[in-house]
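A, B, C, D, E, F, G and H label the chains in the order they appear, each numbered from 1.
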Amino acid sequence: MTEDQIRALLDNFKSGAVSSEEVLQRLRSLPFEDLGFANIDHHRSLRQGFPEVVFGAGKTPEQVVGIVEAMNRHEHNILVTRTTLETFKQVKQAIPAAEYRETARAIVIQKDDRVTGKGRILLATAGTADLPVAEEAAVTARIMGNTVDTLYDVGVAGIHRLLDRRQKLLDARVVIVVAGMDGALPSVVGGLVAAPVIAVPTSVGYGASFHGVSALLTMLNSCASNVTVVNIDNGYGAAVVASLINRL
Amino acid sequence: MTEDQIRALLDNFKSGAVSSEEVLQRLRSLPFEDLGFANIDHHRSLRQGFPEVVFGAGKTPEQVVGIVEAMNRHEHNILVTRTTLETFKQVKQAIPAAEYRETARAIVIQKDDRVTGKGRILLATAGTADLPVAEEAAVTARIMGNTVDTLYDVGVAGIHRLLDRRQKLLDARVVIVVAGMDGALPSVVGGLVAAPVIAVPTSVGYGASFHGVSALLTMLNSCASNVTVVNIDNGYGAAVVASLINRL
Amino acid sequence: MTEDQIRALLDNFKSGAVSSEEVLQRLRSLPFEDLGFANIDHHRSLRQGFPEVVFGAGKTPEQVVGIVEAMNRHEHNILVTRTTLETFKQVKQAIPAAEYRETARAIVIQKDDRVTGKGRILLATAGTADLPVAEEAAVTARIMGNTVDTLYDVGVAGIHRLLDRRQKLLDARVVIVVAGMDGALPSVVGGLVAAPVIAVPTSVGYGASFHGVSALLTMLNSCASNVTVVNIDNGYGAAVVASLINRL
Amino acid sequence: MTEDQIRALLDNFKSGAVSSEEVLQRLRSLPFEDLGFANIDHHRSLRQGFPEVVFGAGKTPEQVVGIVEAMNRHEHNILVTRTTLETFKQVKQAIPAAEYRETARAIVIQKDDRVTGKGRILLATAGTADLPVAEEAAVTARIMGNTVDTLYDVGVAGIHRLLDRRQKLLDARVVIVVAGMDGALPSVVGGLVAAPVIAVPTSVGYGASFHGVSALLTMLNSCASNVTVVNIDNGYGAAVVASLINRL
Amino acid sequence: MTEDQIRALLDNFKSGAVSSEEVLQRLRSLPFEDLGFANIDHHRSLRQGFPEVVFGAGKTPEQVVGIVEAMNRHEHNILVTRTTLETFKQVKQAIPAAEYRETARAIVIQKDDRVTGKGRILLATAGTADLPVAEEAAVTARIMGNTVDTLYDVGVAGIHRLLDRRQKLLDARVVIVVAGMDGALPSVVGGLVAAPVIAVPTSVGYGASFHGVSALLTMLNSCASNVTVVNIDNGYGAAVVASLINRL
Amino acid sequence: MTEDQIRALLDNFKSGAVSSEEVLQRLRSLPFEDLGFANIDHHRSLRQGFPEVVFGAGKTPEQVVGIVEAMNRHEHNILVTRTTLETFKQVKQAIPAAEYRETARAIVIQKDDRVTGKGRILLATAGTADLPVAEEAAVTARIMGNTVDTLYDVGVAGIHRLLDRRQKLLDARVVIVVAGMDGALPSVVGGLVAAPVIAVPTSVGYGASFHGVSALLTMLNSCASNVTVVNIDNGYGAAVVASLINRL
Amino acid sequence: MTEDQIRALLDNFKSGAVSSEEVLQRLRSLPFEDLGFANIDHHRSLRQGFPEVVFGAGKTPEQVVGIVEAMNRHEHNILVTRTTLETFKQVKQAIPAAEYRETARAIVIQKDDRVTGKGRILLATAGTADLPVAEEAAVTARIMGNTVDTLYDVGVAGIHRLLDRRQKLLDARVVIVVAGMDGALPSVVGGLVAAPVIAVPTSVGYGASFHGVSALLTMLNSCASNVTVVNIDNGYGAAVVASLINRL
Amino acid sequence: MTEDQIRALLDNFKSGAVSSEEVLQRLRSLPFEDLGFANIDHHRSLRQGFPEVVFGAGKTPEQVVGIVEAMNRHEHNILVTRTTLETFKQVKQAIPAAEYRETARAIVIQKDDRVTGKGRILLATAGTADLPVAEEAAVTARIMGNTVDTLYDVGVAGIHRLLDRRQKLLDARVVIVVAGMDGALPSVVGGLVAAPVIAVPTSVGYGASFHGVSALLTMLNSCASNVTVVNIDNGYGAAVVASLINRL
């Protein structure tokens, strides 16, 4: 029920065409979002210039193509995360503007490339094996209108690599730190910057890394108080939060 | 070695009193922070108008009094978290301006009450038992110069309590959501707002709540992509990050 | 030993053909179920109009065909859960009436389609990835004689999707809620309805979802007191309990 | 805003005292529960004849007295769970009708003792140490208007104790099974009855019982398909669900 | 150094050919097992009529053939556990007497089929999916000279199936109970017999069965005091202990 | 219903006083144990000369006294495990023959001290801190009619302490090995003896011992195939099984 | 049997007083350590100048006094770890030379203060709350003859504190790093030094620190390859290994 | 900025070409390692005669070839761990001197075979399945200039195998012990030697071995105080630490 429909209902009530009981009855089942009462999530992204996002894992190429074609009728950027080259090839046939970001395992259809973020988002990783997660974050942050800077392979066991390029850290408005194994990098970065730090544990490692649990716990227990944490390998989520902060 | 000492060293070098080799040698062991090269953490808080903070757990009243007295020589706000009424009484004797926030279990010595945060930080809790953690966050956010709004006891099993006061959610620049047991509130709040949401799991619950682990996992797996997470019961950390964001 | 056999035994005793000691001896080893004394599990389903059920996982197509053919000699519905298209094809050759429910990964041989449930069972899912588990529940509930209603993809991060269709929730006599990741949906649904809610955690998710453990814990800690929980991905079990309730 | 207030608003609109825009505006912030649109949780219990419930753990005697006095202004039954004798004494002074159920650690103020449940709820326990949880369930089920039958100390290591009194099992409309340690009883009971079985793991045990986790896992993996599970030691929740079922 | 060598050494000492210091020196590094001082594990099995055993998992067919050929030079039974049909085929070529037990995934070369166990070992399983583990136990127990009786698919959710054939339980000198999922069977069996019960949890199940952990915990917490437990899926180990007991 | 009652029923049936339907009806609810059909657990211990056992943990002194007085009417040994000196004092007043075994935290009332075990049960511990659990086992084994030998403080980090007294190991018919921390002793003992080894993990240790979980896992993974395991700190259970074996 | 006894035995054999069979028989049960064949652990410490050590946790003051008095008859240093002031007072009465190290919770009786370690052992801690564990390590290392240097409160969230005093790190022959919470310090230290680093996780922290498990996992996953790990809070063990290395 | 650049800067300052402020400014952002101020990790290995190491897991053959070719320009040994035969073949084509160590899954390019370790490193394993991890350690230790001795398949369930060859243990300067399943070997070895013992848990085992967690916990809880632990399957790390110790 749209606002127009509500107005019509009220008019009918005023004219006596419907009773107050009927109005009450209609209002009882009032679809929240149609009135604009609700902050509707699948609309929010559109209104805010956010991309439409498809979580690609577990979907067939056909399903992804179908969803992306439907999304493509609007003038928004589109992002498919956790997808495959095979899926991309099928999307590409349907939508030639689609591009594949291999390391990030993401499909990007970018129609609007305005920069809306106010500062830089810095992406730091502990090792090269953390790159897929970091690149998922980078692709996401860029399509959401941010300038992204990177500082890859600066793990704490060679601390000079990080200290050496500290200026990059200091120049960032938000920092995303991606690390597996001991997950120690966010604590060090958190101590070096005054910006909010979003820590992304990765499933990189073996043995007692427990597919990212070790890194996750390290980050939750960070002695730097400006660190918050997202799920293991969740580069996408970290970038969304960083984008929200960077727009403030 | 202070900047003055470095200047003196350079002057001596210029005058020929020390050789370039000696200068190099001195610089090799140059204490980072004395030059101001480093972003020194215990100074950062001061420069940024942050309070000096004492983590009270596991410290004797005497130790806390000693630390707070030392801090009190400067014109900064002071916050003691996870402390006790007993400790407060001894601090009060030494520093009459100290106040005790009972629910938050915090001692506050506020000298500067300027508001530096640009918007409101909203604190939402799922239940009344989450109050101590929420109040730790509230006390921290306030002493860091923020306007704090609260929305207590709005757990998802009575969703109308939350929806009813949605405007508070929409008015916030950052939202901190504190919840134990099923930890489901941040997912719902995350879907209702466009602001960053910082989720704080609490150790409230019994049985399979595992002292907050259940709520922690729920929050890390939130299907709302604007949610980040801090350690169980870490109201202080959530408020620090919210303050950093609210200053942007 | 059937009731008829027992009657014969008693007659023989009365006529003196067997002694009281012999009767005692026979009764000592009396097969419980043959007397009908016991509520025999593989018979119970038949007497109650329940389908015969084969848990298909880990069985070869040949084994499933063999079991189903044996079951097919009686006039009961037959359900094979957790099976494959390949197995279905072989069953189909043996029993042409067999149908395959692809999403549910179930084979159905329906001979009796009377509705015995008194009200509606509502199946709600948080996301589309929860569909296979939900459909297993739907297929099970339908073959057990229930009218099933569905409310798919109404996860709590877009709460309006759920609230919008609340009438469906209120119309149900039992609600099955299927959710992975944060597993928060049953708590919200539990707060909206007065009916019993059966929560099914799914292994949908990644990282700290730990193959459904996060959702499971969330549900066990639900702050809604009308929620009970079954094993991860156990759509079948949820539907059995819902059917039992719906017949009351 | 009550229904009366909405009617007045509509009348004012009809009379032209308020514009349609004003009506829309008012409706936008319409408190859900005041219209009766929502199935409001703290009211639901009252409308359904459910007791008002206070979760006593972690509340001071004074807090409990305050809450109970407020509740006592209405004609509903009141239940305080997980409380202490000390708290009861203070409640008793304020409300002489209050009674203490020691094993269940519950305070009961019963004003309405009509039986609304249609059949019997059977409470079975594996051992005597499970009694406090079972009694919490019994007290809850009784104050919610059910006839409760009990079968205590019938653990599976002495299976005849259970089989011997099978008639009690068969007579129940819902069965609640409470067990710690190996948690095996619900599986056996589930196989003996056709009624829904609600399993409550308890924290009874030592060593690898892990405070109820062993029993919880056993119950979630029950090979009887009519078993659902609630949180460890959650006798209250099991009784609420059993009551909902028993009213159908 | 054999006993003969020690005797020779002592003779040499007596004759003065070696000094007491030399004897001491030799004794210092005396190989334990050569003296027969030690109960040498790889010999123990032989002396006790036990088979030679090869743990096949992770060994190539070539490695297994090599080991078995070496073992085959002696007149002992040989058992290869956790092996494959492919490996068997290669062993068969080298040793035509080898037989393959498919369900047990074991190769058997039986040269000595005397029965040395004094009573019967009963093998009970909860479900048919537990058969591979049970059969590994059966094959092991038989090759170690025991009479083995079986009682398969007698899970506790259909307790009559077990009670019905209780005589088999009572006739056993040792009982091995194999169960996955809820792992409840050993508790029931333990209560029905006075014999020692060896419980084998299996990795059968899904979701919260955690690959056998649930069944393992159930068994460790068994309220029957005559139950001991071995590792998940360790049918071989259970049979070895049962054999040792059955020889007493 | 006793056998006498059944005989009377049959006589009445023969005489025509009751119909065959009535007989069937009566038999339907036939109490298993009254016929002697069942192997009744609380009677089994008595018939086998086992002591009556009270698990003392969580019982008040009054409760223990009550139970023990009831048990004391028969001529069986009585054992109270996991009890306290305070409880003992009250038991002693009621039953002067009661004795307290302080390290084992057990009360013993021994009326029958015949030795029924055929060989020796050896109790070995890794450290002195494991003594309470070992002594619980020793007291239990002795009251069940066994000769018990001990080998305390022979942990594997000083392997000579064990090897030195190997004869004791070889002389035992069953070995109980009690160990906390690394729990490595059963593996070494298992390799040295041909007897069955019952391993008891203890909660002795700190940090990553996780209250006995480390020792439990070590024992479950023992590379000696003659080792079975009981619950953490379960000295009583180990002794029961050892006694059963020692009677064979 | 001592070496002297063996010599006497050999002499008797030579003289014909005992037969070779008797010698063999005696040797069969030869106590390992009496011959000096074994590297006996409680003697090793003495021969190597190590202190005698008592693990004080769980021992009564009387027990500790008894053990220490026995040890005090020899000229070795004595160390009691994890003890209390109360225990110390009783030890002090018996042995006036005893000293109490309060932070380390250790009693020290030092008779030999020679330095036998070749270089310095550096002890670094992340926070002040790690001091008790670090001091246990310091006391242990000193009584074992090492020069100990300390670098306390140099956690990675303020990395300059560590870098600033890097020379201390470079001067050490072995480094012990003690850290709770995120446990990140050993990775950073490991990258800065070429010496072996022994990491000690502490139980310092709250929530997801899980009593030291988070720090333990971080250290096991350290990306610095010169880091090994000991049990949570095991300052003593770390110091023993560091001492062994420092003597090389 | 190189030392030459710093000298030039100082000269310019002396000549007045740059101000002291400018010098300070330049020094502020001074790249640590360019001055040689830092102990740069990727250089450390070279200066110390350590090999260049590539962690091969997760890298494509092309990536490994590229990295190794770059490394090969210098005169250092090169080690690729956790790699495959396929990768080796490609490396071999580029660098004919490369050799493959199959069991260790390592590629070795050895240019410098001087022995720099002062004593022997002994590698002991519990079983043959631990060989890949042990060989990774052996290859690493050898390329780092150590003499390596081995003692394979000496698990504690056949303790004589270890005791028999104790001299090898006593001859070692450092001992690496590799074990899966119960992980008990390091405790026994630790008690037999005075050298530091580095324990490597392996993922060998099944069921409750939890992919090496059981062995890891055993080792962390070792009652031998000279044992430290590395990550599961981390043969490389153990060998690095052993090499560092062996050079002292």
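By our rule, contacts are C-beta pairs under 8 Å (C-beta built on N, C-alpha and C of every residue); 3 or more make two chains touch, one makes a residue touch a chain.
Remember, predicted model here, so these are calculated numbers, not experimental data.
Visitor: Which contact partners do chain C and chain D have in common?
Guide: Where chain C and chain D share a partner, that partner set is A, B, E, F.
Visitor: Measuring between Cα centroids, what's the chain most distant from chain B?
Guide: E
Visitor: Scan F-G, C-D or E-F for the interface that duplicates A-C, counting it as a duplicate when over half of the contact pairs agree by residue number.
Guide: Equivalent chain pair to A-C in F-G, C-D or E-F: F-G.
Visitor: Roughly how big is the turn, in degrees to the nearest 5, that lines up chain F with chain G by CA atoms?
Guide: 90
Visitor: Go ahead and note the Å separation of the Cα centroids belonging to chain B and chain C.
Guide: 50
Visitor: How big is the gap, in whole Å, between where the Cα atoms of chain A centre and where those of chain E centre?
Guide: 55
Visitor: Taking the mean of the CA coordinates per chain, how far is chain B from chain H in Å?
Guide: Their C-alpha centroids are separated by 40 Å.
Visitor: List, in ascending order, every residue of chain G touching at least 2 other chains.
Guide: Those would be 38, 41, 157-158, 163, 191-192, 207-209, 213, 216, 220-221, 231-232.
Visitor: What's the complete list of touching chain pairs for this entry?
Guide: Applying the touch criterion to every chain pair yields A-B, A-C, A-D, A-G, A-H, B-C, B-D, B-G, B-H, C-D, C-E, C-F, D-E, D-F, E-F, E-G, E-H, F-G, F-H, G-H.
Visitor: Sort out for me which residues of chain A touch chain B in the complex.
Guide: Within the complex, chain A contacts chain B at residues 38-39, 41, 44, 48, 53, 118, 166, 170, 173, 191-196, 198, 216, 220-221, 225-232, 236-238, 240-241, 244-245, 248.
Visitor: Could you please specify the touching residues of chain H with respect to chain A in the complex?
Guide: Interface residues on the chain H side: 29, 31-33, 38-42, 57-58, 201, 203, 211-213, 216, 231-234.
Visitor: Of all residues in chain C, which touch chain F in the complex?
Guide: Touching chain F: residues 3, 6-7, 10-11, 13-14, 20, 23-24, 27-28, 35, 37 of chain C.
Visitor: Can you tell me which positions in chain A touch chain H when the two form their complex?
Guide: 129, 157-158, 160, 163-164, 167, 204, 206-209
Visitor: Quick check on the complex: what are the chain G residues that touch chain A?
Guide: Result: residues 126-127, 155-159, 163, 181-184, 187-188, 190-192, 205, 207-210, 213-215, 217-224 of chain G touch chain A.
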